[in-house]
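These notes concern the structure reproduced below.
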Amino acid sequence: MSDIILETRDLTKHYGGVHALEGANFTLRRGEHVAIMGDNGAGKSTFVRQITGVEQRTRGEIIFDGKPVHFAGPLEARNAGIETVFQTLALADQLDVPDNLFLGREITKYNWLGPFRMLDYKAMRQRTMDALVKTGVKIPNIRGSIERMSGGQRQCVAIARTATFHSKLTIMDEPTAALGVQETAQVENIVRTLKEAGEPLILISHNMRQVMDLVDRIVVFRRGRICANLRKEETNGEDVVAYITGAKTQPEYEEAA
Amino acid sequence: MSDIILETRDLTKHYGGVHALEGANFTLRRGEHVAIMGDNGAGKSTFVRQITGVEQRTRGEIIFDGKPVHFAGPLEARNAGIETVFQTLALADQLDVPDNLFLGREITKYNWLGPFRMLDYKAMRQRTMDALVKTGVKIPNIRGSIERMSGGQRQCVAIARTATFHSKLTIMDEPTAALGVQETAQVENIVRTLKEAGEPLILISHNMRQVMDLVDRIVVFRRGRICANLRKEETNGEDVVAYITGAKTQPEYEEAA
Amino acid sequence: MSDQTSQGVGGLTFDHKKRAWPNEFNVFLALILITLLFEVLGQVLPYMNGQSMLFDFNEARDGTILNMARIKIIILQVAIIGIISLGVTQVIISGGIDLSSGPLVGATAMIAMSFAQTELVNGNPNPKAVFGLWAMDLPVIVPVIVGLAFGALIGSINGFFVAFARIPPFIATLGMFLVCRGISQWWTKGQPVSFPTDSYAWIGSGMMPVVWFIGLAVVLQLIMRYTVYGKHTYAIGSNEDAARMSGINIRRHKVMVYMIASILAAFAAIVLSSKNLTAQAGMGQFYELYGIAMAVIGGVSLTGGRGSIIGTVLGAMVFGVIQSGFTFIKLDAFYQLMAMGAIIIGAVVLDQWRQQRAAARA
Amino acid sequence: MSDQTSQGVGGLTFDHKKRAWPNEFNVFLALILITLLFEVLGQVLPYMNGQSMLFDFNEARDGTILNMARIKIIILQVAIIGIISLGVTQVIISGGIDLSSGPLVGATAMIAMSFAQTELVNGNPNPKAVFGLWAMDLPVIVPVIVGLAFGALIGSINGFFVAFARIPPFIATLGMFLVCRGISQWWTKGQPVSFPTDSYAWIGSGMMPVVWFIGLAVVLQLIMRYTVYGKHTYAIGSNEDAARMSGINIRRHKVMVYMIASILAAFAAIVLSSKNLTAQAGMGQFYELYGIAMAVIGGVSLTGGRGSIIGTVLGAMVFGVIQSGFTFIKLDAFYQLMAMGAIIIGAVVLDQWRQQRAAARA
Amino acid sequence: ENIGVSMALFDDNFLTVLRNGIQEQADGMEGVDVQIEDAQNDVARQLDQINNFVASGVDAIIVNPVDTSATQAMTQAAEAAGVPLVYVNREPINVDTLPDSQAFVASDEAESGTLETIEICNILANMGRDPARVYILMGELSNQAAVMRTKDIDDVIAAGKCAVEIEEIDRQTANWSREQATSLMTNWLSSGEPFDAVIANNDEMAIGAIQAMKASGIAMEDVVVGGVDATQDALSAMQAGELDVTVFQNAAAQGGGALQAALQLARGEAVDQKVYIPFELVTPDNMESYMSKN
């Protein structure tokens, strides 16, 4: 079993004339936590969408858990063991919190009924409460529909969903963007728990303090290309900002300039 | 002309059984910049929605620019001089950047044609470029539809829209949540420019550093109630967090506990 | 919602007494109001001589003071479109629409009836025989299976185009609308198909349509409310992208949704042709529109994700009361159409108005 | 888009050559493909004896090798529904739908024609006179104004219900669908209205319907593309909440959108009744569906915010070619319906497939 | 020869018999090709179909008009293109001014409802029901046959041609449909009003009413029910003693006559410009001879 859980080679995505992602070579080891940073529009979310099969890449290879993969959609990615908090959250507005948390993997009874198997509402509600408490969010009524939740409450539901299920790889795209001080601290705790459990993580964030606190390694995107790959111990906030803004570029990524 | 631009008295909003905002008494002086902080779900965005007429309040009074107001919708609030960056951004997904920036106040020619007056695309595009440069965002093609923009690009468009038009009061609900390091700095510059121009501002943010840098006064919401009103000089980050988490409450707001 | 305990995390104020009443309540209210309206009209219109629509004080023909004959017809006349409407409801909840159900009724009726003909009519050979003797007096299961299979086929084509070819449902089902109309006219070149076997005639006889309608409504309500199928249907209608990203197999699910809708429409066709003892190419005209209207009056949202089978059943009842009421007050046919239009709009206005008051928003 | 320079800020890579072709191109492609299909069928089908649909090499009746009669009828037969479709296009772009246009055509035709009757027919009094002599031989402006005013009225009611009472457009216009059908039948109790004045008959004579259609299409294309009205229509269809928060007066705008749609449908009714020299209560049946289908085939998205008038015009042409082509290859009427259904779906499949390839997404 | 045919509506049972009559007759002739189109009850579509036929160069056109007052425009279109035209089944409004190249083979709807109503009146008189209380079932109100047949009823009564005094309880439309007629009749029955007869604009609706009455246990000998068309289903109901009156319209004769006229006009031969095919009253006494006709 190889030490590398995810590898991309020359991963590229063009939207018509927009070259959103260009030749990304990226590796992630088992148990490693990596942050992706970069300006708005640098291609971070695009990178995530290619890995999780939300979109089909223009070219390049993705090797997950030792095998080249071609996910036709996020369902396949999830079945393969990739849990993702998307930047757009991917919540069903008219459903309530437990429904969203368990969407696509409901707890059920009488499973021989196939698609018509019964939902176990009670069990799902209980597990939802447990999962939400971990994120530290306050929600007056989890049976209310998601569209009525505040920005931060929605984000916490999306995070709770990912944290509830074990996976081979967790990806979080700006998970704490809308969170308050307390909730951010809680979510950072969740990330630390993952680290202790040895589960690998890709964290996208604009928050330098958070990144420096949580991850082992920082990869910087600029204009659709990777321009730096920094071990946390060997860098600092100012240095990273220099890479983000384009003041510096690592020699091995020079064509990205 | 009174010194107070906005005042709310006993402003309250219930959603069915959810008491999202309860008896908010709030004042804002001309030229003053105030931050609103608070946990997720504390009622900050709800407060904004009542002031801007997006929703109708359950009870209470709003006095804007010396007169009690009852905005039937955001159109009236804007006509009265309140510019808002909503947390949900309020962008039309299928339109491009200039269209969104000038939505509802297009630059036109042949105005005698009434609703059929002609759009001046060229002027709008030019002014859009100018406005966007101020936010520091990078957008490959402003003629692309908004749905294709990254999270941060969308947010910058919403901010640029507010910053382009002069107003009596600017409200920003978590404007930099999705922004990168550089873009955040630029938006903070925009806020400083407003301060210099003497335009009052309400800024909602979870970012303590930002709040301490930019505003004169901090109002803290907790569970739908105002629990503190702090002058920046008389407080510090830890103190504010104590109010947010409920460790402290100002005596005059005690019933909020 | 069946469960009264609702829960929060982090301990925010939530006032349970203020929970809004269910949406279905509105439709029920509209139903009562419309019924009352007709009762009042029966009393005040001079030519009505103070008749009552639902009560029958003088005769008590059925041993009750209710006018049972009227109550039966109110349900009976919407039962068949009601069955279609159940299927349409889940299609709309999933964010789609099905225009093909009306013509599908015509085509299925023709096809199923051809396998349900009896050999001798009043001692003479069946004058409307479609096939030879081999297709005469077949067991009732044959036409039923053939009809439902045809429905399943059309439904799966609808589903395929919507789910796999990503055609807007309006267009995919409009296309099948035309295809089904073509099939129903082509099947016997326009000749009606008549004289079914007794066992086939039983399916739609008497109050049987109502039995089917209510039975199917109960089953569908349970499915939509308590099973994974139902939950995923709501999820897809609520936010298809989110549902896909959450790992629901959207395509397979949509095909099922459209298949179930078409199978229900096909079953309605069987009941309809059995009830009328004949099948004609033009049968089912406008049923798709009425089916959709029933669902929407019952509170199903055309943007998807919202609504319930119970609502649709109540929506169907609104139609039944209106139709019966019009005949009761002897309204001219011209005015019936206009009044029907006004009442459909009115029922939804009422609903909107109540929702807005409840939400107390602008 | 007319303007070739497109711009970015912050200096990201943008490859202008790779810009996607406009959506309308697809419909154009479909149009060409379908035309070619019929030409090929004309050559290969044994009973067609190698006829050509659009060319006429032997006779050159019109002094050209084009079969002008056919080309004219292709456009002529879709011109009237096409006019409706223009209005429907902007309703759909605004995120709504208008089902009332078909019955509105019937009602407007009846009403307008009643004011366009001539006193004497072949020397006898007009046998179909609706009103007394005062309404005979009125100047053509009277029926036109009356018809358009009626359209504006129905449109504003539609708009009122959609915009102010927040009724789903499907239901509001379905209600008006029934109301208009009632009105058209009630107006003369089902009797047709015939024998218009010569000036009224001119409106829809010869190729005039095509002139109106093209003229109105050009005006609407300009409005939708270059004016505030158009921009707001797209904005509302794209995200109604955002449009409201951006300070567009949604209600007023929606009323205008529905009014314009109904005025266009009313005008179509005038042209239609003039062309046929008669008005009949059943006129315009299914026109709403065909009008919507033309728009959608032309690339207008039923979820709102996307589409163009040019696309709709091309979508209308697709219909014209199909209908004419069917008669050309002598397809049986049954198969015509089926083939029409298949082609409608096919045209949109083509569109979807091309878009997906262009976006290179799953 | 190529003959184009535009039928008002394919879904109509009677017109189907007529259409099949044309088709069968053409199939039996050497070198005659008919192409039949469905105007789907849309006058405008019908006019377009005629123009399409012209563009395809047919030798003659047969039109079963959707709307008999819309024939002026069709006559003009065909005449301008020099293509002969024959109207069938419904009398065009411009019948007296048809050009030489056009003709019509039709029946007069004024007869159908009249025959039906008078016979019903006679039966009611024999049963001693005077005054008689009746319900009237109308076809689709935008359809001319429905309007005419209903008017016939009124005319018979107004002209005193009815043997008994008629008290009309209610008249409603069931849009030609058996299903709708069943519902409507059941609704009427639920009011408990006594009645003696049901006059329907066609057989399908009459049968629907019969089915509703049978379901409510009404003795069919006690009520008089009449329809129009003499369909197989209707004759079967008549055999069972349920339907009392219907009216036969000779579809095959009309179809054949129209085709014949069209072919003659195409060959430049002279034809009778007006051919009326009369309606025939069908009652249990003479029904045997109609059993295999429509």
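Order of writing sets the chain letters: A, B, C, D and E. Residues in each chain are counted from 1.
The rule is simple: contacts are C-beta pairs under 8 Å (C-beta built on N, C-alpha and C of every residue); 3 or more make two chains touch, one makes a residue touch a chain.
Computed from a predicted model, the values in this text were never measured in an experiment.
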Smallest number of contact steps required from chain C to reach chain E: 1
Most widely separated chain from chain A, with each centre as the mean of CA atoms: E
Per Cα centroids, the chain farthest from chain B: E
Chain centre separation in whole Å, for chain C relative to chain B (CA means): 48
Averaged-CA centre spacing for the pair chain E and chain D, given as whole angstrom: 33
Distance from chain E to chain A - Cα centre to Cα centre, in angstrom: 71
Interchain centroid distance [CA atoms averaged], chain A/chain B, Å: 29
Multi-partner residues of chain B (at least 2 other chains): 15, 17-18, 41, 54, 73, 88, 137-141, 223
Multi-chain contact sites of chain C, meaning residues that touch two or more partners: 10, 12-14, 185, 189, 333-334, 336
Sites on chain E at which at least two other chains make contact: 10, 38, 141
Of all residues in chain C, those that touch chain A in their complex: 1, 3, 6-14, 223, 226-229, 231-232, 234-235, 237-239, 241-249, 253, 256, 305-306
Chain C residues touching chain E - in the complex, by the definition given at the top: 51, 56, 59, 61, 67, 69-70, 72-73, 76-77, 80, 121-122, 124, 127-128, 185, 189-192, 194-195, 206, 272, 275-278, 280-283, 285, 323-324, 327-328, 330, 333-334, 336
List of chain A residues in touch with chain C within their complex: 54, 73-75, 78-79, 84, 86, 88-95, 99-100, 103-106, 108, 113, 115-119, 121, 125, 129, 132-133, 136-143, 161
Residue ranges of chain D touching chain C (in the complex, touch as defined): 99, 161, 165-168, 170-172, 174-183, 185-186, 189, 289, 292-293, 296-297, 301-302, 332-342, 344-345, 348-349, 352-353, 356
For the chain B and chain A complex, residues of the former touching the latter: 15, 17-18, 37-42, 44-46, 87-88, 137-141, 144, 148-153, 155-156, 174, 177-184, 206, 208, 223, 241, 244-245
